[in-house]
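Next come two complexes, and both contain chain A; in the first it sits with chain B, in the second with chain C.
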Partner chain A sequence: MNKIQTVTLLFLLQLASVFAVLPERMIAASSGGHWIAVTILFAVELLLLWLYLKALSLFPGKTVVEICIGAWGKWGTRLAVIPLLVFLMLDLILLAYYQSIEIKTVLLQQTPIAATSVLFVFLCLYGAWKGLAVIIRASIGWFFLFMPFVLFSVLISIKNFKFHYMFPLWSGSMSFLFHPDFYVGTVIFAGFLFLGMTSSETRIGFGKAAGAVGFSFVFALFSVYIPLLLFGQETAIHLQYPLLLASDTIDMEWVVFDWLPSFYVVSSSALGILKVSVLLWMFVSLLHRLFMPKANSRWILSFACVILYLSCQLIPNIGVLNSYLYLNSYFCLYATIVFPILVFLAAQRRRKKVSA
Partner chain B sequence: MSVRMLKALAAALILVLPLVGCWDTKDINKQYLPAVMGIGKGRTDKYRVILQIPNASGKTQFLEKEAKSISKAVDLIRTDSEKNINLVHLRLLILDKELARQGISNIVNFAVRANDISIKGMVAVVDGDFEKTLYHEISPTPEVSSYDFFSEEAGWTPNQSILRIWEAYRGLNSYSEDMAIPMLSNGDRTLFTFKGTAVMREDRMVGTLSKDETLLYNLFKGKYSRGTIEVAQNTSVMIEKAKIKHHRHWSDNGPSLVTDITLGVVIMESPRDKKHAQIEKEMREQLSRQFNQTVKKIRDYHSDVLGIGMIFRPRLSERSINEWKSKWFPMLEQKINVHVNILNEIYLKDPDVGS
Partner chain C sequence: MLRSEKQSLQGMEKRLYDRFRKSSDFTCRTVVIANEEFRACYLESLVNLRTTLSTINQNTVQPDNDWTRQDFHALEDEDDSVIRLSYELLRGNLILFNKEDSVTVIEPEQPDISRSIAIPNSENPIQSAFDAFTEDIDRNIGLLRKKMISDQLVIETRFIGGRSVKKLAVIYLEGTARPKVIESIRKSLDENSDKELTTARDLTRMLGHPKFAITPTYISSELPTETVQNLMNGKVVILVDQLSFAFAFPAIVTDLWTTTMDANFPQIFQVFLRIIRVGATLLAVTLPGLYVVLNSVNPELLRIQLAITVAKSREGVPYPSIIEMLLVLLLLEMIIEATIRLPKNIGPTITMIGGILLGQAIVQAKLVSNLLIIILVASAIANFAHTSYMNAIGIRIYKYVVMIASSFFGILGLEGAMIWITLYFASLTTCSVPYLSLSLKGQASDE
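Now for the complex of A and B:
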């Protein structure tokens, strides 16, 4: 049972990042053959996931931090974790700001971000306060509450599809690899990092994790191709929230609610809350374990939330958000590519030590 | 006070947080919710904006202002009106023909950019007197709205074209299709009469299609069901289904397209002894002639309003897609063959069969 919950949480975290960044960034990064870019992202993720889980399976019952401490000692681990912490904090701020601005744009145009983000940060504080075990359990409820909305808002626009906008299917060049927006998309990898910090009874194997990632890959393709099939590449590239606008193209009188994008915003913000809670919990527990073992972790958490809230207010506009996202993609690459490899190497080294 | 009490108090205080959703809220009875926005040429300024606001008593209220930009005009209306104006229920954007001739990219951009206007709203062009059409009212019947005119779940028929704001925005940007906007004017007993379709090249109106010619446009867009065609004196048929097959060729002279349209029709009216085969032949000849004339007309407008670029898109490279409108579309050779299949889904037999 616990394993199903963990798999669900992994899937929902993947989905949260897919909806928040993927359509806009992939359409900006590549002018044709978007599936290549999406597939490359997910293939890399699977590889990293395998390394990460392989390392973990060698030491059942131990978290990534303990594995690293065993291999490199406390200072070595601290050094390895610092960029990860920077990534987590930046990603938290950007995600919270992004969700608040999405709520403001679509639902509450008069309400200042200061007011909406209070509620947002508070809910995330509550989630992280309860700890990862509770979030993992809650994910089942989340799944049943919001997946129908997600599916509904994603698939309802199928009536307006123009399938010929899928072409060109093959752009011939890999130019998206040199586009910064493609690397912003790597934040979807951050979803699996929490797997290394769960307790042993909720730990899952590679097969199940790959299943969750594979399932979210389908949604990732949907999220990129739905705006493309409706608007076409040349139009979608101008849109800030392509998937959201896609659900606004539907005009059906039998749908009770006139304003269909609100379904999308509500479900994607709910997923956002889940992701921010998990990242917040990771941030606090890493900080607590490695840097401030004496401080009460709940004080650290409260303090982190205050910083999170204040930083959201300091971002002046979405252009600045973008420049931070580009900056954050360096840390993201470290946290999601270098860090799992480091953990893998640590595990190998530790095992040699033990067997020698 | 016990710890338990304190906790309960804290929990109660937390309930205050959802109140942020009520920030700056305005009661619905303190709001005007316009359903139609008319944008015309101003007498003194660039734009003249007219808002039609239906109210509960079945009447329509009209508000109007002129300004250099649309949002400023709406703002001026808001300044003078007693209630707040909220555009979330705007369903129909009616443009003056003059403006459409000069280009509508600013207007469409405004409608997509403004996040209170839903992009599923519809766009139409006034062919005739702009002011008269916008201020036209029929005797108050509260359940009739100008929006129902286009609604596929209400009064829409295959003679009318239909264009939504997001489709207009796509038409402005797309490399492989142009858009067509329905044209209206005020009706006598009805709110509007349909006048035909405005053919656009990028953001500019370059020509018109009549009501009959609109049929071909709708056939290409896959919207055809239940349209009635008059074949000859006293003979008319209804289209039940239509099958369209495109044969694409690409030679050294550029693209060419042969389209086979197979119409499944039901005879609605015909003289007593007229044979089905004859109706079929007449119809085939008439429609072939008409469709090929329409195609030629559209080609002379240099507007890919039928979306031929979309048909060729799977075969084109990214570069040729970019060049479609400027280079390849003018070289296009197009021909339409009509086939007619008479479906006998009525109570009478074919006179030919019995004798």
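Now for the complex of A and C:
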């Protein structure tokens, strides 16, 4: 086991959320100077990450759940974890649905969503079944298989950039702070939650984690600015998949492939599978550890997958998805902001208890 | 007194006779060594009695040689001594009884029934040593000892088996191989020491490797040079008597595209060769699937000119591309299998027939498209660009999974199959080492 794998997984998870939500939300939330919104988002994430990892480093070898149980007992922890579980389940469903829809629109127009999500959910089930250690190990393989596609789809559009769309660089108003879309963007924080549940030998320090987050920040900027520089704010705000369309504007003679967005979808759905597997694993292990210690975790996992699959079929269209996303952003704020702080406080309290 | 001695001697001989009643090569006869009479029991097929006797007689002629008194020990008339003696007989030793009710076991001259060291038959070393392992395990160990003069080379021999006993040697380099790996191999060999061991699969089952792994969990090699390199890379080598291959455990993902022979080349050549092999791995797995994707599920991925060419080349082919692909792949697999075991002078015929059949006739008959043949040839070549035949088989099998997934889900199926294989490799752990490791030396970084 090596730490590079964990860092890679963190980076890929960040990237998954960046590609899935960030561009359209940021473009919708802010009318100019988008980099401010993105930067604030990532600065908050770094702060939370520091708190989270600080709490973990005080108790090496223990997961967040154990730290919380030590501080507040079993019921207090359960109470703290319930909103997190709701968030995980909602996020899982939304992410799976979002990816299936994207795959359907771009790659498999003829295939019903019921069929594509079978494959999607099955792969996630397989990943979560094998456990986090395996996903962490596989993440390097994933990195080498799919990063070329990510880079390719991000970089090809550069030649069509109109750089004056970048202005105004500074909008002055922080109006995006009052925009719900901005808070939907906090989903990207969910990437670091898994760090608290790894075994001790794969645990990474703040420096390395910050490196991964910083690296993904570059990609986040890319993802927001590529559609902006191609279409401009006025057009981009109306697009459902801005980044996807950005790669469709390119015509490159030397590539044998014509329909370039498929590269983007291939890479982003692979990242989506990765993220869903990790979240699914987290969901199941939290549930198993705190609420159903007697049940076989593989049964819980299978059951969760069935629910995931069925709920994907029940969401009627992408508009409904959006309203759920807004609903989920409340839970998301809890899971990604309050929960790490709670863990930090638990760690402090527990340390005082031990030292006293 | 004398009478009872006689009885016991005859009793032991009789018991051995009973035990080997059905083996016609078991012999007991009276021999004379240094003017004394002995009864010698042995298996004719494994002992060259005449040379053995003359060697012993030569030795006894020398002054102050008292071997007949020293080596003999009293005969215990018990069941387990019969078993022990018959085991010695089976290993090709000579048993001598003297008149004083004592027995000795002598390692005789053996008839020359093992192969001498020759050049490898199934591997083609380039710019390297050309000697290869033979069937005799002691000779193989000797080859390794000669190639690697080091006191850290640990050789543990043990005997394994129930009905038939097999000698095997666990060899590793102390300080280089991970203790955890050695421990896990030792443990599983101890646990299964009564199982039969005749094939490589018996060995992997003994070591508790997964039964249905699609990638080999060990590397086999008949080259001592390569085995030495494997040892230096931290692998544990197991030699089995009468198998002319050394098995190196555990295999990791880099073994798919590295061979230790690369170390004989300049660094940059090695990097180049390895990149080619990695590329070949990817191509061999994805190309047939990609053909199906671009032909039947996602033709819009291709540039329009190319898409039209592809469609034109399939004009007149009556069935879907997945069937087309499966048909021709089946043919190709059969050609590969057919050529492997044929005598060398018939092999070219098959190649020629196969070439004509696949290359020309089948296309002209509009049974498959032109493009398919190109894809097929490319993937077949890519398949055999691997470092060993064993690795190539796993990939040959896995490409069918990729193809079927692609025919259902197009490019998504291809992607899903690749994700699945990554997860599968990540979950594979043999001898306590994850398959996705980059190196076995010490605690070096995993992939």
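Operating definition for what follows: the second predicted complex is superposed on the first by the 355 of 356 C-alpha atoms of A that agree within 3 Å, B and C clash if a C-alpha of one lies under 4 Å from a C-alpha of the other, contacts with A are read in each partner's own complex, and residues count from 1 in each chain.
In this section, a contact is a pair of C-beta atoms (placed from the backbone, for glycine too) under 8 Å apart; a residue touches a chain by one contact, two chains touch by 3 or more.
Note that this is a predicted model, so its numbers are computed, not measured.
**Q** Of the partners chain B and chain C, which touch A:Lys159 in the superposed model: first, second, both, neither?
**A** Touch status of A:Lys159: no partner.
**Q** Just to be sure I read the superposition right, which of the two partners does A:Ser31 touch: chain B = first, chain C = second, or both, or neither?
**A** So A:Ser31 only meets chain B here.
**Q** Examine A:Asp248 and indicate which partner it touches, taking first as chain B and second as chain C; both and neither are also allowed.
**A** first
**Q** With both complexes overlaid on chain A, does A:Phe167 touch chain B (first), chain C (second), both or neither?
**A** first
**Q** Is A:Arg137 touching the first partner chain B, the second partner chain C, both, or neither of them?
**A** A:Arg137 contacts chain C only, not chain B.
**Q** Could you say whether A:Glu234 touches chain B, chain C, both of them, or neither, answering first, second, both or neither?
**A** In the superposition, A:Glu234 contacts chain B only.
**Q** Per the contact definition in the header, classify A:Trp259: touching chain B only (first), chain C only (second), both, or neither.
**A** Both partners, chain B and chain C.
**Q** If we overlay the two complexes on their shared chain A, which of chain B and chain C does A:Leu108 touch? Say first, second, both or neither.
**A** After superposing on A, A:Leu108 lies in contact with both chain B and chain C.
**Q** Of the partners chain B and chain C, which touch A:Ser269 in the superposed model: first, second, both, neither?
**A** In the superposition, A:Ser269 touches chain C alone.
**Q** Indicate the residue numbers of chain A shared between its chain B interface and its chain C interface, in ascending order.
**A** Of chain A, residues 108, 111, 115-116, 119, 258-259 contact chain B in one complex and chain C in the other.
**Q** Can you tell me which positions in chain C touch chain A when the two form their complex?
**A** Checking each residue of chain C against chain A gives 297-298, 300-304, 306-307, 405, 408-413, 415-416, 418-420, 422-423, 425-427, 434, 436, 445-447.
**Q** Which residues of chain B touch chain A once you look at their complex with the stated criterion?
**A** Residues of chain B touching chain A: 14, 17-18, 20-21, 23-25, 88-89, 115-116, 118-120, 151, 153, 164, 166, 169-170, 172-176, 310-311, 313-314, 316-318, 321.
**Q** So in the complex, which bits of chain A are touching chain B?
**A** For this pair, the touching residues of chain A are 31-32, 105-106, 108-112, 115-116, 118-119, 122, 162, 164-165, 167-168, 171-172, 230-232, 234-235, 238, 245, 248-253, 258-259.
**Q** Which residues of chain A touch chain C once you look at their complex with the stated criterion?
**A** For chain A paired with chain C, touching residues are 1-2, 4-5, 103, 107-108, 111, 115-116, 119-120, 123, 126-127, 130, 134-135, 137-138, 140-142, 145, 255-259, 262, 266, 269-270, 273.
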